[in-house]
Amino acid sequence: MCAPIEAASAAGLAEPVRPALSAPPSRAADTAGIRLTDISLTYRQGSSPVQVLQGINLALEPDEFACVLGPSGCGKSSLMNIMAGYLKPTGGSVRINGSLHTKPNPQVGVVFQHANLFPWLSIAGNVAFGLRMAGVPRKERKRRAAEYLALVGLEHAAELLPHQLSGGMKQRAALARTLAAEPSIVLMDEPFSALDALTRESMQLHLRSIWQRTRKCIFFITHDVDEALLLGRRILVMQPGPGRIVQNFANPLFREQSGASFDELRAGKEFAALRRQLIALIAGDNTAK
Amino acid sequence: MAVKDDIRSAARRPAKESGVYFAVSACSVIAVLLLWWTASRNPWVNPLFLPSPADVWSAFADIAREGYKGSTMLAHIGASLRRIFTALLLVFVTAVPLGILCGRNRLIRAVFDPFIEFYRPLPPLAYYSLLVLWFGIQDTSKVILLFLSGFAPMFIAAVYSARRIPADRINGARSLGANGFRLYAFVIFPSCLPDLLTGLRTAVGVTYATLVAAEMVAAVSGIGWMVLDASKYLRSDIIYAAIIIMGIIAILIDSAIRLLIRKVSPWIES
Amino acid sequence: GQKSDETAGSAASPAGSAEDVSEGKLPKEIRIGYQVSPNGELMAKALGLAEKKFPGVKISWLKFDSGRDVNTAIASGSIDFGLVGTPPGASGIAQGLPYQIYYIHDVIGESEALVVQQKSGIQSLQDLKGKTIATTFGSTSHFSLLSALKQENIDPSTIKIIDMQAPDLPAAWQRGDIDGAYTWQPVQSKLLAAGGKVIVTSKEVAEKGALTGEFGVVRSDFIADYPDVVKQYIEVLDEGTKYYRDHPKEASEALSKELGLTPEETLKAMNEITVLDASQQTDAKYMGTPEQPGAFGSLLKATADFLVEQKSIKSAPDVDVFQKAIRSDLYTK
Amino acid sequence: MAVKDDIRSAARRPAKESGVYFAVSACSVIAVLLLWWTASRNPWVNPLFLPSPADVWSAFADIAREGYKGSTMLAHIGASLRRIFTALLLVFVTAVPLGILCGRNRLIRAVFDPFIEFYRPLPPLAYYSLLVLWFGIQDTSKVILLFLSGFAPMFIAAVYSARRIPADRINGARSLGANGFRLYAFVIFPSCLPDLLTGLRTAVGVTYATLVAAEMVAAVSGIGWMVLDASKYLRSDIIYAAIIIMGIIAILIDSAIRLLIRKVSPWIES
Amino acid sequence: MCAPIEAASAAGLAEPVRPALSAPPSRAADTAGIRLTDISLTYRQGSSPVQVLQGINLALEPDEFACVLGPSGCGKSSLMNIMAGYLKPTGGSVRINGSLHTKPNPQVGVVFQHANLFPWLSIAGNVAFGLRMAGVPRKERKRRAAEYLALVGLEHAAELLPHQLSGGMKQRAALARTLAAEPSIVLMDEPFSALDALTRESMQLHLRSIWQRTRKCIFFITHDVDEALLLGRRILVMQPGPGRIVQNFANPLFREQSGASFDELRAGKEFAALRRQLIALIAGDNTAK
C-alpha cells in the first residue's frame, strides 16, 4: 500500500508536487481493482483541440475508498467518464479487475450528482432495473431489490415514485440502484453536492457505513474538502492544464472502524491543517500561503 | 442526527380558489351568450350574418334528431373522428420511431431533416390536389392529408424529446446493463413518453385544423363537410351549430390527452 | 404534355380492373361522379334508373362541385363516369387525362348569365370597366364571360374579375362586394331575386360562336373493359332525358330536392338549358359519326385554344386528338 | 485564496462537425432529386402525377419571367406576404398585451380563457364562410382569417411566458423600485420576449398554413391562389413550382425569426 | 444590545429553548433598523390552513449582520418575504426605520439564491437598474454603477451579459445591484448555496468586507452552520411547527475587525462545539446529544 506521503501528517503537504504514482501499489494484486495506465484525453473545442487529461496513472485496490478533489474544470468528471466507459480516452487504457474496459458495464456502477432515477418506475423498480437488464427472474429481482432498499433505509418507500421523495431519499435510492447491480467498482461524481448541508451529512454517514459493509472500490469525486477528509481512505488531488493527479496519499484521518464521529474528526488539529493545505492546493497555489 | 425524510404530497393546488376562477369564466361565457342573444334580436342585424341562439339550437336539435343529408349526426362525427384517429395512429407509429432515431443519431437526422423542414410549413391545401391525384377521392387521400399535417409536429416532438434526455440517464442505464434495443424500449421510449404525448396534443390540434380541408373534396360525410355544405346554402344556423359541435369535440379530445399525460407522467406539472 | 390514353390510364389505379374483354361482363361497382345540373343524368339518379338497369351492381353516386374535381377524380382512378363542362373537359383532354367522351348532356342556354346589380348602373358589357365581376374560374361561366368580352373587343384587364365559388356569391352580392357575377342556377335566380339584372346569357354568347355545354366522360380503362356497360348507361341517360322532357312537372319536383330550389324555380332552370337525348348525339352539331365527325370536336379544340391563350394550360393538341376522344362509335348500331 | 473568474465563451459549438451533417443533408436532398428525375423519366409515370424537374423548372422560369395570370411572380408573393404580415402585426399588437395581462392576472385570464380554448382548435375553414359574410370578399376577411389563426398560438405563448417569469425576478425588480407600468415595460415584457418570439414562430407557421385557405375565396393574387388556380387545370408543374416557392419562403421567414431570437436573447440556446 | 445567551460560550447552548425576545434590544433606537412585531402567517394549503409562522418578534440594529438558521420548511423564506413586502403577514407588523413597511421598496434590498439578474441587460445595466427606476440621470447612474461594480470587484465585466459570467460573478453582480439602490437593509436568502465550495468561501470573504465597509443591516438566511458562524454578528435559529425563533444570540466567534481568518476561526475549539450544538438544534433535537 502506498504510504501516506510524508507531508500529509503536518503542514508540508502541498510543497513539492509529487508526480502521480507510476507503479501500482504493492498490496493490490495486479488484476484486482482499477488500473489506469497513461490515460490522456483531448477534446475538440471548435477547431482547436484542448488537452484535458494527460499521463494519468492510477491503481486502486478492490476495497479502496478514494476521494478526488480538484478545481472546477480540471477534468475530474472526464476522468470518471473514461473509467465508466462513457468516453474513449485519446490514449492509455483502463483495466477493471485485470480485463480491458471500454464500454459501460454493470461491473462499474455510477452514481451521479442528480439522482437520475427513472421517473416512471417505482423506487423498487428503479433498484431492480439492473437485475432486470441482467435477466434475473422477477421474484428474485424483487427479493434483492428489497434487500438493497433496506441497506439504504428505504424499505418503506419501495412503492413510491421518485418525484414523491426528498432529495436525500432519491440519492439513497440511486445508490441502492447502483449497488443492486452488484458492481465491483462504484464511481460517484459529486453525489451529495446538490443536497442541503444536513441531508448531506446524513448521506455521508450512510455512505461510510455502506462501504464498511460492502467493501466495494469507491471512486468519489467531490468539491468539498471536508467531505473528502471525512470519507476517503485515499485522497487524490487533480490540477488542470492539462488535468493530472498531483497528489495521491492515504488519508491520515481515516479510521478503519470509524470509532471517531465526524464531529470529533473535524475538531482535530490535523483536520484543520490538512483542510487548509488542500484548499490552497485546489485553489491553485502550489505553495501554502 | 436524524434528517426527517419528507415524502412530498403530490398535489398542492388550492382547490377552492380555482372555483372562483371557474365562476368568473362561466360568467363571461354567459355574458357573451346574452350579448349574442340581444344582438340577434336587434332588427338591423341580418339573421344570415348572426342567427339567434334559438335558431342555432333548433338547427342543432334538428340535426341531432334527423341527421344531415343522409347520415345521422353521430355518423358524421364518427366519420370525421375515424379519419382523424386513423391518421393519428399512423402518425404515432411512424413519426415516433423515426423521430426518436433521428433524435439519438445526428446522421439519420441529417438525412431526414431537410425534407421535414421543407414540407412542414406548407399549407396542407397546397398539396391536397396532388394527394387526390395520387390516392383518389376516397378516404385514403383524406387520411393521408391528415397524416401529413400531423406527422411534422409529432416528428419534431419526438426528435426534441429524444435529444433532451439527460446524458446521465442514458449513461446510467448503460452502466446498469441496458443497451441496444433494450435501451430504446426501457429507457429512451419511456423518457420521451410525456413529451410524445404533448406532441400528440399538438398533432391532434393541427390534424383537427385540417379536417375541414380534408373533407372538401368528394365527401358526403363528416362534420367538416357539414360546415362546408351548410355554407354553400348559406345556412348560418347549421354553420354555427356545427362549429359549436366541433369546438366541443376538440375540447373533449384535448382533455382526454391531458388526462392521459397526467396519468402516464404524474411527476410532470402540466 | 401529350400522352396517349393507354399509357396515361395505366398509371391510374384501376378499380374495375381489366381481365379479358368479354361481352356482357359487369363490374362489381359503378362509380358515377355527377354534378348538380338539371339534366338527364340527375333525373336518372333521382328516378333510380341506373340501379334498375344494373341490378346486383353497386352504383355509387359521388357529387362534385366542379369539373376540376371530376378531372382529378378520374385521373386518380376514383370514378368511372363523370360530368364536366366544356372548359375543364377540353383542358382534360388536352392534358391527356385518361378519359373519353360518351355523351353530351346539355347545351347551356340562359341558365348561365351575367347578372349585375341593378343599382350599379351597368347596362351593357361596355359598362363593365372598373367594376368587380365574380365568376368561378375554370368553369363554363368563366369561359362564357371571357368569350363575351372578346366578342365585344373589351380588354378583360380593365375589369376586376375575381374567382368565387357559386355558393359564395349571394353573400358577396348582398354585402355589395361585387357588381355582378357570371354564374349558373340556382345561384343566378337568387341574385336576380336580390335586385339583379341579366346583361348577357350563355345562349347569346353561344350564338356568336362560343358554345358551352356539359358532357359525360368515362375512364378509358373502364370503357375498354366494359363497352357494353357504357352503352347500357347511355340507355339509362336517354331514359332519364326522355322522362325529363316528357314529364317536366314531375321531373321538376323530383329534381328540386337535389337542386335546393322550389319546383317552380327548377322548372325555370330546366327550360334554360337544352338537354340532348341519345339520338341527338350523332347530330353534326354535336358528336357526329365516326365517319363524319361533328362540330363538338372543333368546339373543344377552340375551347382548349382559348384556355391556352388564358395561360391556363400549356398547349392544345390538334383537333383530331379531340375527335379521337369522342366515342360516337358507341351510337352506331 | 483567489478564485479565478471564468468568463465563459459564448459559443462552444464544434463548427467542423456541423459541416459533416450539412454534407449528409445535401447528399440526401440530391439523392431525392435524382430519384425524382429518374422516376419522371420512366415512361409509366404519368407526368400529370409527377412532372419532371425540368418541367417544374421551366414552369418556374415561365412564371418568374412572365408572371401568372395577370400579375408577376413577385406581385403574387408580395400579395401573400402583405396579407400574412398585416395579420401578424395585428396578432402581435393584440395577443401580446392581452396574453401578458392574462398571464399575470388569473382573473383576467378566467374571463378570456373559455373563448380562446373554444375557438383555438377550430379549423379556420369552418368559420371562413362566416368571416366572408361579415367582412366581405376583399382582403379584410382574408387578413382576419389569418389573424384568427395566428392569434391563439401567440396568445398562448404570451400567457405561458408571462406565467413562467420566476417570482424572484418580479420580486427583485419591485424591490429595486419597479412597479406598475414600468414593471411591465422594463421587466415583464423583456422577460417574455424570447418566448414571444418563439410564439411568433409558431404563429407564423399556423398563419402560413392557413394561407391557401385564405386565398380560396375571391382572390386573383397570392401564391396560395396560384396553387389553387393551377390545380383547377391540373397544372402539376405549376403546383410543384408554387409549392417549392412556398417552402422556400417559409424557410426564409423562419430563419429570419430564429436569427432575431438569437440576436435578442443570446443567452438562450436554441 | 442583547447579551449573548449564557449557553453560547460553552456546550449548554441548546438546553432550554429561550423564548424569542419580546423587548427590543436596548441599543437600537426605536426607529432605526428592522422591527417585527408579533408576525404570524397562515397559508391555505388546499382546503386546510397551515400556520407557518407564529408570534415572531425581532428587532435588528441598523448595522446588524444577522444569520438565520433553521431546518428546511421552518419558514425562513416566508419570514424574509414578509420583511421584503412580498407577502402580507396574517398578523403583526413590520417596521423599517420606524415606518410601517407593506410593499416592496428600494429601502429594503433583496439578494436571492439564484443571482436573478436581468439577462437582457449588461452587468452595468443590471447594477444601474434600481437607479434607473429611481429616475437618476443616465450619467450619474453610470458613475454609481461603476462604483458598486468596483466594490464587488467586477469593473472588468461591466459590459458583459449575465450569461457570460460564472456563478460567483453573477452573485456578486446581484449584490452590487442590490447595494446600488442604496437600501438601508439587505435581505439575503441562501445567497451562496448554489455555488461550489471554493467560490462560496470567496463570496463569504467578499460579503464580510462589504459589510465592514458599508455597515448595512443584513438579514442572511443560510443552511450552512459554518457560514453562519463565520459571518454572523448575531445568530437566529428557527424551528418549525409553526415557525418561530427559538434562539437569538450574539455570535461569540464574531470579531469586529476580522483579525482572524476563517481558517483560524474554524480551527478553534469553540467553533466545533457551537457547530455541533447548532446542528443538533436544527436537526430537531432540543437536547444536545
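The first chain written gets the first letter, and so on, giving A, B, C, D and E; residue counts start at 1 in each chain.
In the analysis below, a contact is a pair of C-beta atoms (placed from the backbone, for glycine too) under 8 Å apart; a residue touches a chain by one contact, two chains touch by 3 or more.
Because the structure is a prediction, the values reported are computed rather than measured.
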item	value
Shortest chain-hopping distance from subunit D out to subunit E	1
Contact-richer chain pair (by C-beta pairs counted) among B-C and A-B	A-B
Inter-centroid spacing, subunit D versus subunit A (mean Cα positions, whole Å)	50
Distance between chain centroids, defined by C-alpha means - subunit B, subunit D (Å)	19
Distance between the centres, which are taken as Cα means, of subunit E and subunit A, whole angstrom	35
Multi-chain contact residues (two or more partners), subunit D	1-3, 6, 48-49, 129, 133, 231, 234
Touching two or more other chains - residues of subunit C	72, 75, 165, 171
Where subunit E touches two or more other chains, by residue	71-72, 198, 201, 279, 283
Residues of subunit C that touch subunit D when the two form their complex	1, 3, 7-8, 10-12, 66, 68, 71-72, 75, 88, 91-92, 95-97, 134, 137-138, 157, 160-165, 168, 171-172, 175, 177-178, 307, 310-314
List of subunit C residues in touch with subunit B within their complex	13, 33, 62-64, 69, 72-73, 75-79, 165, 167, 170-171, 174, 260
Residue ranges of subunit B touching subunit D (in the complex, touch as defined)	21-22, 24-25, 28-29, 32, 48-49, 106-107, 109-115, 117-127, 129-130, 133-134, 149, 205-206, 208-213, 216, 224, 227-228, 231, 234, 236, 239, 242-243, 246-247, 250-251, 254
Residues on subunit E engaged by subunit A in the complex (per definition of touch)	71-72, 193, 196-198, 201, 223-225, 263, 266-267, 269, 272, 275-276, 279, 282-283
Subunit A residues touching subunit B - in the complex, by the definition given at the top	81, 84-86, 103-106, 108-110, 112, 114, 116, 118-120, 129-130, 132-134, 157, 160-166, 168-169, 177-178, 181, 183, 198-199, 201-202, 205
